[in-house]
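What follows are several structures.
Here chain A shows up in two complexes: once beside chain B, once beside chain C.
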Partner chain A sequence: MHYGSRTTVGFAEQRIDAVEKSTGNVKYLGDKSFQGMLHAKVATSTEAHARIKSIDTSEAWKVQGVRAIVTGKTFPFPIGPILADRPPIAFDKVRYYGEPIAVIVADHPYQAKQAAGKIVAEYEPLPIVNSVEQAFQKDAPLIHEQSGQYTKLIDNVYPVPGTNIASHVKIRKGEFGKAWAVCKDTISATYSFNLSDHAAMETRTATVEINSDGRVIVHSTSQSPFTIKKIFNQFFNLDVGKVIVHIPMLGGAFGGKGAVQLEPLAYLASNAVGGKLVKLQFEREEDMMTAPCHIGFNATVKLGVNEEGKLIAGQYTFLIEAGAYSDQAAGITRAAALDCTGPYHIPNVWCDSYCMYTNHPYATSFRGYGHPELTFAIERTIDQFADKLQMDPIEFRLLNVIKPGQTTPTQSILTPNNIGDAAKCMTRAKELIGWDGKQPIVSENGLVRAKGVALFWKTSTTSTNAQAGAILKFEADGTVTLTSAAVELGQGTKTILAQIAAERLKMNVSDIHVTMEVNTQYTPHQWRTVASSTTFLAGNAVLAAADDAIRQLKRIGAVALQCSEEDLDVGNGRVYIKAKPDIGINIETVALGYKYPNGHTVGGQVIGIGVHVQRHLTPMDKETGFGDPGPWWSVGAQAVEIEWDESNYHYKIVKAVTVLDGGTIINPMTAAQQMRGGIFLGLSIARGESFEFNEQGVIQNPDLRTYQLMRFGEQPDEYIVEFVETPAEDGPFGARGIGEYGVIGAAAALANGLSLATNVELTQLPLTPELIWRTRRAAYDPV
Partner chain B sequence: MIPFNFDYFKPETLEEALKIYSSEWKLGKKVIYLSGGTEVITFARGGKMTFDSVIDLKGIPECTMLEMQGDDLVIGAAVTLNRLVESNHFPLLSKTVRTIADHTSRNKITIGGNLMSKLGYREGILPFLITDAIAVVYGPAGTEAMPVDNLAAAELAEGQFLTQVKVAASNLDLPFVSMKRTRSSKVGYPIVSLAALRKEGRIRIAFSGIHEHPFRSAVVEGILNDETIEDQQRIDKAIAKLPTNVTDDFIASKDFRKFVLNKLLTEMNAVWEGSR
Partner chain C sequence: MIVSNTGKYTVVSLLVNGSSQDIMIRSADTLLCTLRNQLGLTGAKQACGNGDCGACTVLVDGKPMHSCLLLTMEALNSGITTIEGLRHSPVRQAFVDNWAIQCGYCTPGFIVNGHALVTEHPDAEDERIEEWLQSNLCRCTGYQEIKDAIKSALNANNLLDSNGIDTAEQ
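Up next, the complex of A and B:
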């Protein structure tokens, strides 16, 4: 791979937080204690759907140390990021088991928790909507009677009053009906899985303090510092400037910390005790049952081909399970619609994507934002269709793969700049997995080896004005402090930004000091740290800031060197004359202004500022979906080899391959590791993670004793990651986003491999031995 | 976090432990004995258990010993699972308890805590059930020895606690099989867990996961030892004689548990065949 004369971009620099983390010195928010701090705890609903008749707090007040008890009556208004449908504390009715019904503030955490256990609520139970399929039925009990009256905070959310549909997003491209009628062959299949958990290592925590001068100080484990400010402004009527949000380094997020849940609760709690600092820290079980989770999904996919085997028509019906409140599921409903086809060129597309309320915990963004889910449905269908058409599944994919010049479901035009090379990714993944046709290999001892592949894409559906800013502040020694609101959540973003700054300033990456904490008082605005958007948005902002700094360095340098700015260049810690590089000055002599021998000084501190905002994005048309909702599509292919034991139905994941085209890779080591983390997450969700609900809508596995994550040692033996680097003209050094992508094809590739090995079509997650056993029994041994 | 206050005692003798229990109990307090504490902490955190006083047994020499005494291996109730695995006095026990929870948890979980668990799995008891092990308990009536079977389905009397389990040396090194299947990850509660050994030509076998308690059944064993019928027939017949209420929950359905058990018994037979 060639990086020209680059010195740090494209190189495996050590993460700047490596030492602090590996020595255990990082302090998460939950580890921190503040003088005089009080502690909050939520009391939660013991019904999945019920009218609240009364809440008796008298016994809870008797617990020593209790300072305040806040119920839904204190703030009986719904809030939300897209559709304001969720009261921070339930009032009138509860819509999921585990929903906050009161917040107790006490001197010590155990006192608050003890008091929470003594809150007595009287309920009038209502019929429970216990699945997304049930929610969609015409006579289903209504979870939100007033959904038509909820405030919409962004475009493209369309609740259907009188139903459990929180939003209905449509794609109408070409003429699906006509095309379907002339298809040579068609296929239809349905897929489903339940809600699940993010299971970040660090559980969610927030602290809030209201100063006597009205400033609200928030510390939070959030991916969305500026959204917290916005929500506090919109719903608590606080001046944006008076809300100050601090975000320390996070212990994993996976989208789950993009939602704003704890901060309003902690604000109401602090408000109830005269503004004292209140900490609300979720324990693991609360993080699983009360905090927002990963969507559930039901999809029906219909595909049709012409005589050449080219896809000409596709119909997609998605039921996105939002749970009790729409939160980001409303946005996921839209994101799934606009990329509904997967990376295939299909001229006639009909998609109905529904955001569905159920009486389950509510869902928010999860790494991939609807794409791992839709990819599972699409890629399983592609495999089944290839089988039906008697084509090799990889050849079938390559025949239909989308290319520049073609259009997406929303009719965005693809160019060599805005989409990676999906065919190249697929071809390379095929080589790396050792694809030998769709042929399982049965060994003598009854072990069946099979391979499965998945092709995927995703765009980042940021808001159309999503942006990031960066500040590069030169220190007296000529080094640089980089400040931005990109949240470090384990993805390594601070290292990437340092590399981008160092490359443009031609400095050593070790001379870039990155501010780890985000403090909205001095960090420039950034949309959020989600949607694989930070390298692109914040990276471009850093480049703009670097260019700004370079201009300033040249301006002061020109005075010092008695030449014009145009004569100068900046690099290796110096400002020097391009034509005579040996004539120059060290940056440290101009970083705080240039001082003449007589003491007179010109210039002043060099502070580079830069902002980058999305260009030419548009909302989607309500009836057709027409629009330009995303800046670029990163594409990739994944492949998994499994070994299935036909005697006991257990299987082992032997090998996993990821080939991604994310444009230029800034740091190949952190990028490869991010892909491995992604596929691990995707395989873990696919293999064992799923909330299991009983008939009362209660999660049966709300702790890590029973919720089965993939453990260390259960990962594939071989874990291959490669990159195809088709540069993006407008990305920093040609980079597109990659953060979420490792997860997207994992479930689909695993399910494809297992379906091949077991000779049945697996259409549900998680892929447990029992699911395989049931599916095979239904197929071969109907009783 | 445990949301209530309680008194913690760490006695150094059996007598002292019982004395504390009695005096606390007489004050109307709810008293529990504790060893590793993993389950007590989880249950107390989750609101499934409350207590006023905790008596930690880890300071009592009888409860922490692990040694051969005459013809018996004596295992203190407060010996951790990892210590059992590493010392490996009883290979079947080592293999069985290795599959309980994860390594970090096994640094804390004790064999006594596992045997007295409120959850129905208690896989640590399986090797004891098939070696006719003796449970030694201490309580108001002094020291009492009883077959370990007594612990499988019943609770101890008020104030009693398990101090030791004794296994005859002659039973420690018999040919054995220990097998476990979970829902997906290696770490997890069993769909079926079984421990079996052969003594004097007969199979002895005990199960966890398929019933609310771990059990050893004379009827099932009788069938599995009936050489007059074919292997698979024997297995089918044994499964037909399982307790009627086979566990049916989100970890595994009743039918799948029976299927898994069937496969494990077949695998077990193959292992015995291979070792002949």
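Up next, the complex of A and C:
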């Protein structure tokens, strides 16, 4: 394919949302108020695992302004995106501290909050499952007694009744047992970390109004507008077409807004007040304790090599902590399995990936969907193995890196089109971090400098029929309005789609007007804005819509110019004769149809429509994992240089390098934003973020003072971002997805560097000075 | 000024972005709540409600304050500047020019705080910039571009007026 020299794709076009965001004028959902709006508040469980004996609402009703109180009895059915295991409001049992037990609707937020504090629940406490390791034990208390009876909404979820296993996904490739027996050398290591939080700056919010004609109007801070419609249809028995979802721009999401939690609560609340508009906005503590969070993880990795140092066998046991309900953790369990090896060619693979219930807040998708987590385990093991084999860790990686012609754990065949160049990324990252094998370097003042690297990959595990659509509507002046259901959550997707449209239409990007909000009544269907899938899916849909519009412009232009359509080309605001470019007409004279001098008009408005759907994806086989779960693998390498202070165990991050092959880069500046922000997020989580639970399963740090995000000044002194651009034949202008990738190798690279500096193997997160101290004490000074 | 603490509303006037506005408040209303719900100035965001994140930062007599931690009645005798009053601040333009904006939710708080920094300490060095901006959280950018924006505004050093109030927008 050749489109000639490009004019906007590949250029750093300014984000179309930047100016408006800088003025404070952008209206996020919490900034909108609606006439006559009522306010909802959740009352939440004070037990992590208990039977509900009674809920007394009588005192709450006495608070002025209270209009309704809804408890689990109103809708005692479980819902969910993959496995329907979660009642929107707890009934019979509570399974985590902070779980909604009632929703109060009142005139003002403070009244609803006062009333929520007066809900009195009586519980019969049950034994608490307080860790994923405990959940996996045979005699562990059961959190879901009926898990075998839950409705499955997608393929590839396999609960094991009578256990806390919400899903068990298997990979069986080659003959692991035989290969393991003949390995020249092997290694085995175990890793773990707790649940943590997305901590998007905007907390989750939803409003619902039920019109008298039965239409349900939802406004939400969601990455999944069409999933809301689907879930309302499946569980509330509403017509899909009668559920209308509006999504404004989001104040960050990171996967946490892919889950559907507040919308059903707001629906039940609105239903209880005759359909009036009800707003449910989580405060920070609720957003951390009640709303879904980031998975916890426990992994055991076993690797074996042959004489040449090539990996021939890999065994992976993942315990994905879902918390109280499976939500997207069931999907993450599958995603972690299908990419379990990392970007290495390993012919014999055995993986058991378990989605585990615990009595903690439930988890959902988090930027990277299982990959930052598995990469931490894989890349730490690779480093330890290289050390054991006395090889340079980068050389060991390059020896084993996966290449076109080889197969993934699910036996998908890799081609130069569907995977980027991991070796090139690794080699470039090595140069950028200044890797010379001489480390750590100890200075006289007790500061230890070390570098760590990580290699990673990820496919975009969408549903097999995931799709997006786009509409390009020509205005009277020849400019274009672009509409799609891609949610702008900070990643810059609206700018990217405008660039793709402008490039194909050969227009200025400033002449593409993009609808920033999503309204499911007008926008075409889009699977969800997750999985780094939007540039690929919606971008291809925009290309198809542009081609459709170009066909229409040529058809009308052929009438106006009295020639055949084949003679024509479109560009620079004109429809013109290819062979004689000076003969043509301006697009504005055909945008609404061509009007002859006598007033007769032909054509009508040019409206380009395009849809793109995933091609040839398949579910995974239950016993072996065999299948084609994703369209392509973006790959990358990251490297981190740290300086650790022996005297107090603190460290600073000096440099953070990311080299990614995501195919063609549509906008180098927004892409660099994503990579810097991605590695920052990964480093922030790895360095200091984790929910702390007490013995009662209660989070001890549910706010941004005690749960510590990286603050200004704690970020790396220097970020370096580069791209290798191996084009994908079927991506828009050769692009693959990149949105999640910056985060994936961060924890692994940091932990590898710190392990070198501190001379102990760090196998847990977060990498606090205390963890380093404990690990060293256990290694060198056992009590 | 006596403001009822019984949950009833009292009419008071508040000086915001250079103009005096009559509003109704309860004694328990925070300045953030009043700005957003009474005056429609939604640029200041509630993200933690606890003084931990800085998304609600406004200027009170030129000083950056967390409006979620101030009662409206505490601000009645002060001049308040919100992001809506800083349209012509070079810090705002610097955030655009330096790609310091992604989701945009923390942006107003950072710009207001950064504007105060540039106004009060036009010669601020790294250490002061760091100390000053630690009160604000951003989850998207990794702070590099925010740092670049602040530094470029410090270098430009061409503020409209020393009080940090944008007279053109009043």
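Throughout what follows, the second predicted complex is superposed on the first by the 778 of 783 C-alpha atoms of A that agree within 3 Å, B and C clash if a C-alpha of one lies under 4 Å from a C-alpha of the other, contacts with A are read in each partner's own complex, and residues count from 1 in each chain.
In this text, a contact is a pair of C-beta atoms (placed from the backbone, for glycine too) under 8 Å apart; a residue touches a chain by one contact, two chains touch by 3 or more.
This structure is a prediction, so every number in the text was calculated from the model and none was measured.
In the overlay built on the shared chain, the residue A:283 is in contact with chain B and with chain C.
Residue contacts after overlaying the shared chain place A:469 against neither chain B nor chain C. Of the two partner chains placed by superposition, A:264 touches none, neither chain B nor chain C. By the touch criterion stated above, A:24 is placed in contact with chain C alone, chain B being left untouched.
Contact with chain B, but none with chain C, is seen for A:773 once the two complexes are overlaid on the shared chain. The larger set of touched chain A residues comes from C, when the choice is between chain B and chain C. When the shared chain is aligned, no partner comes close enough to touch A:361: not chain B, not chain C. When the two structures are aligned on the shared chain, A:753 is found in touch with neither chain B nor chain C. Once the two complexes are laid over each other on the shared chain, residue contacts for A:688 go to chain B alone; chain C is not touched. Once chain A of one complex is fitted onto chain A of the other, the partner contacts of A:697 are absent, as it touches neither chain B nor chain C. Overlap of the chain B and chain C contact sets on chain A: residues 110, 283, 703, 705, 709, 711, 713. If you check the complex, the residues on chain A that touch chain C are 14-15, 17-19, 21-28, 30-31, 33, 64, 110, 199-203, 249-254, 283-284, 489-492, 669-670, 672-673, 676-677, 679-681, 703-705, 709, 711-713, 715-716, 719. Taken in their complex, chain A has these residues touching chain B: 109-111, 113-114, 116-117, 283, 285, 647-648, 650, 687-688, 692, 694, 700-701, 703, 705-706, 708-711, 713-714, 766, 768-770, 773-774.
Taken together, the chain C residues at the contact with chain A in this complex read 7, 28, 36-37, 41-50, 52-53, 55, 82-84, 87, 92-93, 95-96, 99, 101-108, 111, 130-131, 133-134, 136-147. By the touch criterion given at the top, residues 1-5, 42, 45-47, 102, 181-189, 249-253, 256, 259-260, 263-264, 266-267 of chain B touch chain A in their complex.
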